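Below you'll find the structure, written out as structure tokens, and then a few comments.
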Amino acid sequence: MTPTLIPWIPALAAATIGLISLFRSEWNRFAGALCAGAIGLSFVLTLWLSSSVGSGVVESGFYDWISFGSGDNAFHAGFSWFIDPLTVVMLLVITGIGGLIAVYAHGYMKGDPGYWRFFAYVALFIFAMTTLVMADNLLLLFLGWEGVGLCSYLLIGYYYEKPKAVAAAKKAFIVNRVGDFGFLLGIFLCYQHYGTLQISTMLEGARETLAAVAHGHGAVTATDVWIPFLLMVGAFGKSAQLPLYMWLPDAMAGPTPVSALVHAATMVTAGVYLIARCLPLFELSPYALPTVATVGAVTALFAATIALVSNDLKGVFAYSTVSQLGYMFLGVGCLSTDGAVFHLVTHAFFKALLFLTAGSVMHALAGQLNIQTMGGLRHKMPVTCWLMFAGCLALAGVPLTAGFFSKDLILGDALAYAVDHGSVLFFALTFLGVVTAFLTAFYTFRLWFTVFMGEEKFEMGDEHHAADDHAGDHADEADAAHDDHAHDAPHEMPWSMNGPLVVLAAGALLAGLVLHFTGGIEHAVQHSTAAVFVDAAHSQHAGDPAGDHGGEHHAYFLGVDAHVFMQVLSSILAVAGVVLAAFVFWMKREIADKAAARFDKLIRFARHEYCINEICDAAVVLPLRRLGALFYAVDRLIINSVMDLMGGLPRWLGMGVRPAQNGRIQSYGLTMVLGVALLAVLVLVATGG
Amino acid sequence: MFGAVGVLLLMAVSFGVGNIVLTHLLGPSRKGEVKGTVYESGMNPIGSARRRFNVRFYIVAMTFLLFDVEIVFFYPWAATFTKLGGPEGDGLAGMFLVRMLFFLLTSVIAFTYAWRKGVFRYD
Amino acid sequence: MPTIADKLAGLWPEIVMLLGAVACLAAGLSASARTRRLTPWIAGGTMALAWIFALWTGIDADHPLGLGGVVTYVKCLVLVLGLVLLLVCAGVPEGLKQTAAAEGARFDPGLSVRGEFYFFFLLSITGVMLTAGATDLVWLFLALELTSLPTYVMIAMTRDRTVAHESAVKYFFLGALSAAMFLYGFALIYGATGFTEFGPIRDAVAVSSETGLSDPSPLMLMGIVLSVLGLCFKVAAVPMHVYTADVYQGAATPVTAFLAVVPKVAGFAALIMVLHLLGLDRLPEPVLYLLGAIGVLTMTVGNVLAFVQTNLKRVMAYSSVANSGYMMLGLMAGLGVPGNALGNGPAAVLFFLLAYGFGSIGAFAVIAALAAQRSPDGADHTDATGVADDLEYDDLAGLWWRSPVLGGVMLVSMLTLVGMPPLSGFMGKFFLIGGVLNAGFYGLVIVLVINSAISAGYYLRIAMLTFFGESSSAPAVILPEGRRGPRVVGAVIAGIAGLLIGGLPGNSVVRNAREAFEPVPAPASAEPETVQAAADESTASAPAVARSQAAGLADAVPTP
Amino acid sequence: MLLALSSPMLSHYLLTGAVLFVLGLVGFISRRNMIQMFLCTEMMFQGVVVTLVAFSAFHGNVTGQTFVIFVLTIAAAEAALALGLVVLLFRHRRTLDASAWSALNG
């Protein structure tokens, strides 16, 4: 029962909030508390669940969702759960971070006319997301997958009166649809190949094939090779990897807590989760994981360069999210699932923190997003300043912060993989990762120094989501104070909003340390389906394939252990990046200006996302539009006239039959008798013939 | 055989005649114009034959019709009752009686309903 | 040979209904105002109790046609739909001027129709239950008349407008005509076989050794044909559909909801029984032609006529005609392979009845909760309750924005009627089409799909209007709280049921409909060895079927 | 011909029943007076009754006759209902013409 309650409590909360808004709109103000409470309850249940799962697997059914056929052809897809330590990690992130963000949003959204709507969507999102990670079959997983997509669409388009938000919502939906199409094909292929969509059964089948191949009998079929590629398309779409990344930066049009929850901490990691969950399927195909790693590493660098030049406060973090997701894909691509999941967890902490502090700045500046207009805000908003500093440290990977440990694990594993396999590709990818690490440190602190250090300056934004500004800041003041004027000066957020941020900051600084030395994530991953396949015959730990940790052996690079090498290297790069940023954007601002003038074109090109949108338009959208125009013409000319005819036909027929309905009993009687006679004749004819 | 019929006949005739004689002797005797007119279920017999009747007559007529038809079910029952109840019967006569009583009960319910609805009230 | 006592044992639900009906009659005429107010509650309690009894008496394993499961399913189905209909209909007699006058300072039993209304309501539903349980032509005839006769009175007495009387008289006269028709059919069946009991009749019908189909004598065939055509009146199928729109429009809207559902269930139950005299899975060709022709004509005529209507009740009336057409095709599809989800046409009809029932009740309940304000004089446009319920399309304009509940129910009802996945209407059509395909009538499936497309024309028009419509004149007003009363509750329940029953866990309702047609093994306690042998002979899964039937009937129909 | 007329057989009764039934049908469609129309439906019922009795005699069992009793009961109930309705309608329009009642159509 406990697993079932975890998604359904938020679902119930969503339904309740919806009903309240219909019938008792004066209770709408409880929506936030209801939503946060429900998520909190789910979090507590998750904690309880984690103790019962331990290192094992809990499978439990809720109800038989789809069931038809019998015997061998039977198809079942239940609302039932498969919970292993990986699921628990995901659940803890979703409900834990989700709860904190809900508390923050309670303050952030206060006074917004769609207050209840926001929390109904958030609760629904938590339902879909938890269903996604708990599903024991791909169909249910897909339900959750589409569910989070829907919620993401609704939340991006939350300010539906803003054309930009609506366009962004549509873009997110459509781009995701491309990925989902691939995913759906993958699901079909899985069913065709394995005869079931039950994840555990499928993975067992995949492992058997893996073992058979390792022993030299049995072969990988073409289907085995294709399935991961199709699933991968879905994962890239949801997790905003090249080439399906472009929806994520636009998605920042949604309220900031949504950016933090959906588009940084949870939903976008669903792709990583999918690959980790189905790792054996990917291991079957010799090309799948290198492809994942390559796409991840390239995306990481690509997005980092854009983040480097972007002047949009949330945009920098959006691109940085894309970049960090790239790291995670690099991680799973080089079989470092523990590294990927580790990074997923730490990233959830620090990126949520960064978004929420960015939200605070925006909030204080009435929606201002351009960082060039800001400076020296540390005096006005000291708490926010240092909270964001903590998040930036973690993102930059400064030693001993959360980001340091997780990023380092991925890079180290990648290097070790490259050494072990002598793979030039992976050396190259590792190199990209290292460059990205430096860039990350640099652009992160570029932002921080620009906004909080230096000369104090600010310009108020032109957007009046004034209503929430006022109410959020001066909750005590009467609502009558709600005129639409912007603030005179930015100021600190109340502690009801900063409280959750402190928790997140603590996580961003300490989670890595704790998890690194307790080995919690490694342990969880090794006992889940994401465990890397170790052939029993070739392993020294035949009886215990999961082992303590796969990395019993050490790969040496230039005579140093790969992990140690990477730790040292990335520490140096991170610190160097921070120092350089401090130098350029704080101490000697003129250098930055000079450089900007010098590389103006390049910067503009990068800021324009290397014209990816235009290329995409030209390559995909335009031809489609042309084709659409062609079809439209055909439709107008031919099909429409046919349809008019067909649409008119029932009307004409109806008008023709109608006079028979003249309302007179006798003529009705006559119709009936004639009809009976005609049909009786028909029967007679049929009997004769 | 014929003696029995004769006795029955005698009883029937004497019941009818006796009643007439008794009411004549015991009842009050009034004479008048109204009393002298032709009896036609309380309607005034003089006037157009096409004039409409009070709707109550229809209702009574319909009620009569329904109760009249119920009698139809008593004939087959009465015809077979002795066979079931007699020595050659299967001893189900009791059940059979109860069933017919139940049938009667439904008629009684209908009658009570009609009564409550005021079908039999003429004021 | 089962004795009368055995038959009575299976009739406990009907006996309960009868007693409850009499109790309603008595309560409605009681001198105490408080007792009179209890009448609808008694009616509801009676139906709930009858439902429990129907589940408790269980499936008749000795049904002469082997349709014991269908009997129980139909009883439960009509009781559940009846409970929702009661919510929609409750308050109708109380709202009449006549009753209001009678309830004045001094109660006048001669004027109040409260007791009669609920009495007839229960009697008509009892008629449906008896129709389903009939094992004899006499019984079937009586049960069908018991279903119909109360409805004539219900139409005439629940609205003071003359159109209601017109509607009643049309329904009555044409109903009598059709009754004579199927009665003649019954007489011919009796003449052809010499029996009125279903079992012996079925045994008397020869089966052709060549084709494996029934080979009835011409007299028998004519009897079946006339019975089917006569019964078409009850389900509002061509050529007996002519009355539908006039009657539905003239009756008070809650009563219209009743008319759209209850006689239809009775008609299809009777059709299943009558056709099963020949064997539903071995119908001779002429009967198949007949059913196919009726089905195609019915759905086409219904849809094209609905297409040109503007009055909502007429639209829904012709929609009801069209839906009968779909179900007619289900009847000719045969029983399919036991245990297979698809392919059992009559089972699909049983489920479709439920889906259609909730869809229609939802739509009519919404109409009943609204009042048009088009005609300011209100003289001829208001009924006894002062409500102008002759709604046009325009009256629904933007209903969602005025009342999300009513608008939502209307939307769900329309979507379920149009067959939008995953609503119950979709499941109904899906299983219906599955059955017809399984029987190999591909042409008919194409006709059905085209007709569905036509029906989308008017269903979706209503759905769109509910959201985006803008009325040229003043749209309908929502009745005040006291007047719309339980109708809204009924509408909501119908809406939720229409939304959910298709997707209940493991498709239980659909599965129950299918299993209703599967043979019921004799009670295990009787003679273990024989039972074992019989079970082995029939199907290996028979005990499992029986168990799931026993357990599943409880959720065969969702609890309101 | 003469023989057939002098000794009635099953088919004669059936024919009588069918003729009654069809006469009723035709009358229903052609009459406009509601009472006459109702009588025509009664005639159809009586046609069925004759048929049933004939079959009953033919098969040598009483089932058909039992059926007849029930048919008569129903016919009586319908008669009561019909009269009630006709009176009701007559009070509204002062006419028994069925075609006066065609306000609902289309």
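Just so it is clear, A, B, C and D label the chains in written order, and each chain counts residues from 1 on its own.
In this section, a residue touches a chain if its C-beta (ideal position, glycine included) is under 8 Å from a C-beta of that chain, and two chains touch if they have at least 3 such contacts.
What you see is a predicted model, and the numbers here were worked out from it, not measured in a lab.
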Check your understanding: Where are there more C-beta contacts: A-D or B-C?
Key -> A-D
Check your understanding: So, what's the distance in Å between the C-alpha centres of chain D and chain A?
Key -> 76
Study note, to complete from the structure: Cα centroid separation, chain B vs chain C, in Å, comes to 41
Review point. Between chain B and chain D, what is the gap in Å from one C-alpha centre to the other?
Key: 28
Check your understanding: Cα centroid separation between chain A and chain C, in whole Å?
Key -> 49
Review point. Tell me, which residues of chain A touch at least two other chains?
Key: 658, 661, 663, 665, 669
**Study point:** Where chain D touches two or more other chains at once, by residue number
**Key:** 25, 28, 37, 66, 77, 98, 101-106
Check your understanding: For chain C, what residues touch not just one other chain but two or more?
Key -> 169-170, 173, 177, 245-246
Revision key, fill the gap. Inter-chain touches occur between A-C, A-D, B-C, B-D, C-D
Exercise for review: Report the residues of chain C in contact with chain B in the complex, numbered from low to high.
Suggested key: 22, 25, 29, 109-110
Practice item. Could you please specify the touching residues of chain D with respect to chain A in the complex? Key: 25, 28-32, 37, 98-99, 101-106
Practice item. Can you check the complex and tell me which residues of chain C touch chain A? Key: 169-170, 173-174, 177-178, 181, 218, 221-222, 225-226, 229, 233, 238-240, 242-243, 245-246, 285-287, 289-290, 293-294, 300-301, 303-308, 339-341, 404-405, 454, 457, 505-507
Check your understanding: So in the complex, which bits of chain D are touching chain C?
Key -> 14, 17, 21, 24-25, 28, 34, 37-38, 41, 44-45, 47-48, 51-52, 54-55, 58-59, 61, 63-64, 66-67, 70-71, 74, 77-78, 81-82, 85-86, 88-89, 92-93, 98, 101-106
Study note, to complete from the structure: chain A contacts chain D in the complex at 658, 661-666, 669-670, 673
